[in-house]
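What follows is a set of notes on a single structure, which appears directly below.
Chain IDs A, B, C and D follow the sequence of writing; residue 1 opens each chain.
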Amino acid sequence: MITESVVQNTTITSWMQESARAVTAQCDYLTQLDSAIGDGDHGLNMRRGFDSVTKALAGQDDSLLPGRLLIVAGKTLVSTVGGASGPLWGTALRRAGRSLGDRAELTGEDLADALDAALDGVVDLGAASTGDKTMVDALAPAVEALHHEIEAERPVAVALTAAAEAAEEGMRATIPMQAHKGRASYLGERSIGHQDPGATSTALIIRALEAAVAAEG
Amino acid sequence: MITESVVQNTTITSWMQESARAVTAQCDYLTQLDSAIGDGDHGLNMRRGFDSVTKALAGQDDSLLPGRLLIVAGKTLVSTVGGASGPLWGTALRRAGRSLGDRAELTGEDLADALDAALDGVVDLGAASTGDKTMVDALAPAVEALHHEIEAERPVAVALTAAAEAAEEGMRATIPMQAHKGRASYLGERSIGHQDPGATSTALIIRALEAAVAAEG
Amino acid sequence: MMTTATLTMKKFLNDPDEIVEESVAGLAAAHGDLLRYDAEARIIVRSDAPVADKVGLVSGGGSGHEPLHGGFVGPGMLDAACPGAVFTSPVPEQMLAATKAVDGGAGVVHLVKNYTGDVMNFKLAAEDAADEGIEVESVLLDDDVAVQDSLYTAGRRGVGATVLAEKIAGAAAERGDDLAAVAGIARQVNEKARSFGVALSSCIPPSAGKPIFDLPEDEMEVGIGIHGEPGRRREPLASAREIAALMVDAVASDLNPAEGAKVLPFVNGMGGTPQLELYLLYGEVESALRAAGLAPVRRLVGSYITSLEMAGASLTLLELNDELTTLWDAPVQTAALRWGV
Amino acid sequence: MMTTATLTMKKFLNDPDEIVEESVAGLAAAHGDLLRYDAEARIIVRSDAPVADKVGLVSGGGSGHEPLHGGFVGPGMLDAACPGAVFTSPVPEQMLAATKAVDGGAGVVHLVKNYTGDVMNFKLAAEDAADEGIEVESVLLDDDVAVQDSLYTAGRRGVGATVLAEKIAGAAAERGDDLAAVAGIARQVNEKARSFGVALSSCIPPSAGKPIFDLPEDEMEVGIGIHGEPGRRREPLASAREIAALMVDAVASDLNPAEGAKVLPFVNGMGGTPQLELYLLYGEVESALRAAGLAPVRRLVGSYITSLEMAGASLTLLELNDELTTLWDAPVQTAALRWGV
């Protein structure tokens, strides 16, 4: 008996809280993945960023619109993370926020369009395509799955489950890839056989969105 | 049937060769002792020095007197070893050499007086007394034993065996001592429980003298 | 957890999360005559900044590469440095604050090492600066020949050439060159410089508390960067002579300088390698360069762009011309490089 | 054996027995403008030596402490340095050759770190020099408060004060002070300076190929010298703040400077400790000094008297007066210390 869940500003706030919880819980794992093909700080970067985001959002009044909240979250990531993931996720959330304009309640379409904008932001800034062994390999399939499910008129919660699964599949798919972007690309063929840390945190963040929406249900 | 052995310039040369052989064979052991309470180079210093001494003596003509040979050996140690042991053993051998003047054949008394002079040289330069945990703790008892045996009119070879044993006893006696001279003194009480490297190499050198003289027998 | 890290890490620190803040504060305490630390904006600024009508020179990046960049702030070199967390690019706010602090009206040059994070954060900062009406020229440094530059990589990393570019562009700015000229000189240094690094040990990021990689006693990492990342390949540990030959060949074959060209070899220590070894390696490098028909006329030997306590070294080779040589010789007064004053 | 050592030691070297020779040759290749290496006599000599009518300043000791002493040869500091084997005093022949090479007719000062070996070898050299009619004044440096000075020890070790004495006495000699005056200044520095060191790791003498001691992950050696020898005691690893307090207390209580005295704190790295940590430690030292009512007015932070690749640091505290401050500020032009020119 799924009652169609509604996405509103409280959903965004709990999405960010869920994300913070997830990257904190997986901090060591993400850092360990980054040690293998990067510089061993991805978990710390994401934890630092989403800690600050939850703090920043806690300070906002409840009337703030979903779009505004995402813009605040994005700016907070940009100004606290540094590294590659800071500007990338920061831009992603800001673009998503802008795409929502001043809607107070979001439909599945709105959500899918917002993630579209997020993906565009990441690609505009980082110029990665799928197959480059980056967060894009998790984000792109998630967005695609979400659109597909929404068009098939599945409930948002269900659609997000599919998106999260797609993200995780994309994450696992980075293992055999040779990195063409980011630090991992310096390793050339030595980057093959390792799962991309950014794709991994991305999968966590999509799962967090699913959980936040489900909680509303 | 001990035939009284005679000490001459060839004896001195083989003493130096024997010493080189001994400190080379024990190089790692001496260095290890020095690592515990010094700076881990004693074996290397002694090996470098006596290698050079044998090379230097090889260059001398056979007519060279024992005293001259010891002076050459001493100068060679001073100019090749460095550290504390270089000047100390260098001065010891130079003093011993001078004390022999131009004698061509040495009696037991001559030999005992030469080691006396050597000990004086070490003490003048290093100001160590027995009990300070240095080479003096091996050299002093050796000299004393040699005198005692020679006065008791023992054959030189026998007297030197007693001297070598006295040196080894003195060497072992350094273990419970707290160092009051040299690097080991920096360790204060931490120097207790370790055998002094310089006393150890000194015992080897007295043994080498015994062997050289015995070989003549 | 943090305490454990502190107490079991063989480093002088209090709290791994504070290591950069506290170290920069110490730098400022030791060199108050040259620079000040703005703890609010997290930037290291030349004490007399902004210098009116002088082009401002700003660099920055992850920390753990000291003396880069803070040790190079002062007359004749950088006007400001932005320290990020260890091995993590600083954030745009820092670069923006630094840009404002040093703008003397002649515009500001950003010297950016080519790492995805640095590039993106500096890019966002430059956009913000433009919004505030400050003219910014960004110069990308990418001299590391260990990384092949292709469509399929993030491009070459910026390593040793950064130190040389900061010195030489700093001299140009001090001399009064305009924005385009200072940026042009920095780009020229980058075009004329190549680097290659070798690691004998890994390093320990304070926040992780353990080495990034383990290196067997008889192996070395060849083609490393400056973030403790593994190199292009592992090889059996070689002699200094063999390593020098490897480095010289890697940089010279890529830079491909004119026969008999005047060069500046920069032998850099990675942080844990002592001078006894660095100078020995330098001697081998100089011989290899001469054997290759090149003429070292200026040199730099020391640990100037490091990777925490990593044992290792890199060679940066800069092909000189009269202009670059004059600017290299010009006075510089910073914590880490000082001459002519 | 040698090859194994070479290939399994994490060092840039070719042959452990040649490491000093080859490193010094590299130093000379890199700094030909300042110094030359006489391979025959095994001494590093200021290029323009002997300087007529200037008191010559000679130091030396075991190698492995770079940049000490060779990195301090040049105008305003040393006229010559005698490098021994690693951690082993040089031989009298070297000191004699150096003394002759730098004697400009005004006599020569020997700066001797207080180690039995150094003292004995310099003593023999001074006797030889006297035989050749050169006036030599020997100054003994013994600033390490970790060793109690008593009839029952070889006395205190010479450590960080050596760097300060070489700089300050070098300035006095450059200024034209006579033999007695230059020696007097050096002795004054030694009387007014105290040092204390801490090691976080051991070091690996090239000829041995393995660490002198093993230090558990959670311990440090307190009261170390500069030869990789164990310290006075082992303690649990402490924070930089606690270590700074320990160091400041050790040197200040022994030096016992006047209330509000002007001081020069010298925070020295042991070779394997990077600047990120050294400056952090410096910040803690400066705070502790101020808390103790002392006034840092000059500072030195860096790895200047080292113990191969040992991770660790020492604090040397020098109580200044106007004379010493003027001489400290005077121009110096060496590979490792350079200002005012």
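Heads up, the rule we're going with is that a contact is a pair of C-beta atoms (placed from the backbone, for glycine too) under 8 Å apart; a residue touches a chain by one contact, two chains touch by 3 or more.
Just so it is clear, the model here is predicted, and its values are computed rather than measured.
Asker: Going only through chains that touch each other, what is the minimum step count from chain A to chain D?
Answerer: The distance in steps between these two chains is 2.
Asker: Calculate how many whole Å lie between the centre of chain B and the centre of chain C, each centre taken as the average of the chain's C-alpha atoms.
Answerer: So the centre of chain B lies 55 Å away from the centre of chain C.
Asker: So what's the Cα centroid distance for chain A and chain C, whole Å?
Answerer: Their C-alpha centroids are separated by 33 Å.
Asker: Taking the mean of the C-alpha atoms as each chain's centre, how many Å separate chain C from chain D?
Answerer: Chain centroid spacing, chain C to chain D, equals 29 Å.
Asker: Counting only residues that touch at least two other chains, what does the list for chain A look like?
Answerer: none
Asker: For chain D, give me the residues that contact two or more of the other chains.
Answerer: Chain D, residues with two or more chain partners: 86.
Asker: If each chain is a node and each touching pair an edge, is that a line, ring, star, complete or other?
Answerer: line
Asker: On the basis of the stated criterion, which chains touch which? Give every pair.
Answerer: Here the touching chain pairs work out to A-C, B-D, C-D.
Asker: Within their complex, state which residues of chain D touch chain B.
Answerer: Those residues of chain D that touch chain B are 62, 84-93, 115-117, 120-121, 123-124, 146-148, 151-154, 157, 205, 207-208, 212-213, 225, 227-230, 232-233.
Asker: Across the complex, what residues on chain C touch chain D?
Answerer: Within the complex, chain C touches chain D at residues 6-14, 19-20, 22-27, 29-31, 63-64, 66-67, 71, 86, 200-201, 217-218, 236-241, 243, 271-284, 286, 299, 301, 303, 306, 308-309, 311, 313, 336, 338-341.
Asker: Quick one: which bits of chain B touch chain D in the complex? Just the residue numbers, please.
Answerer: My answer: residues 31, 35, 38-41, 44-45, 48, 78-88, 125-126, 178, 180-183, 185-188, 190.
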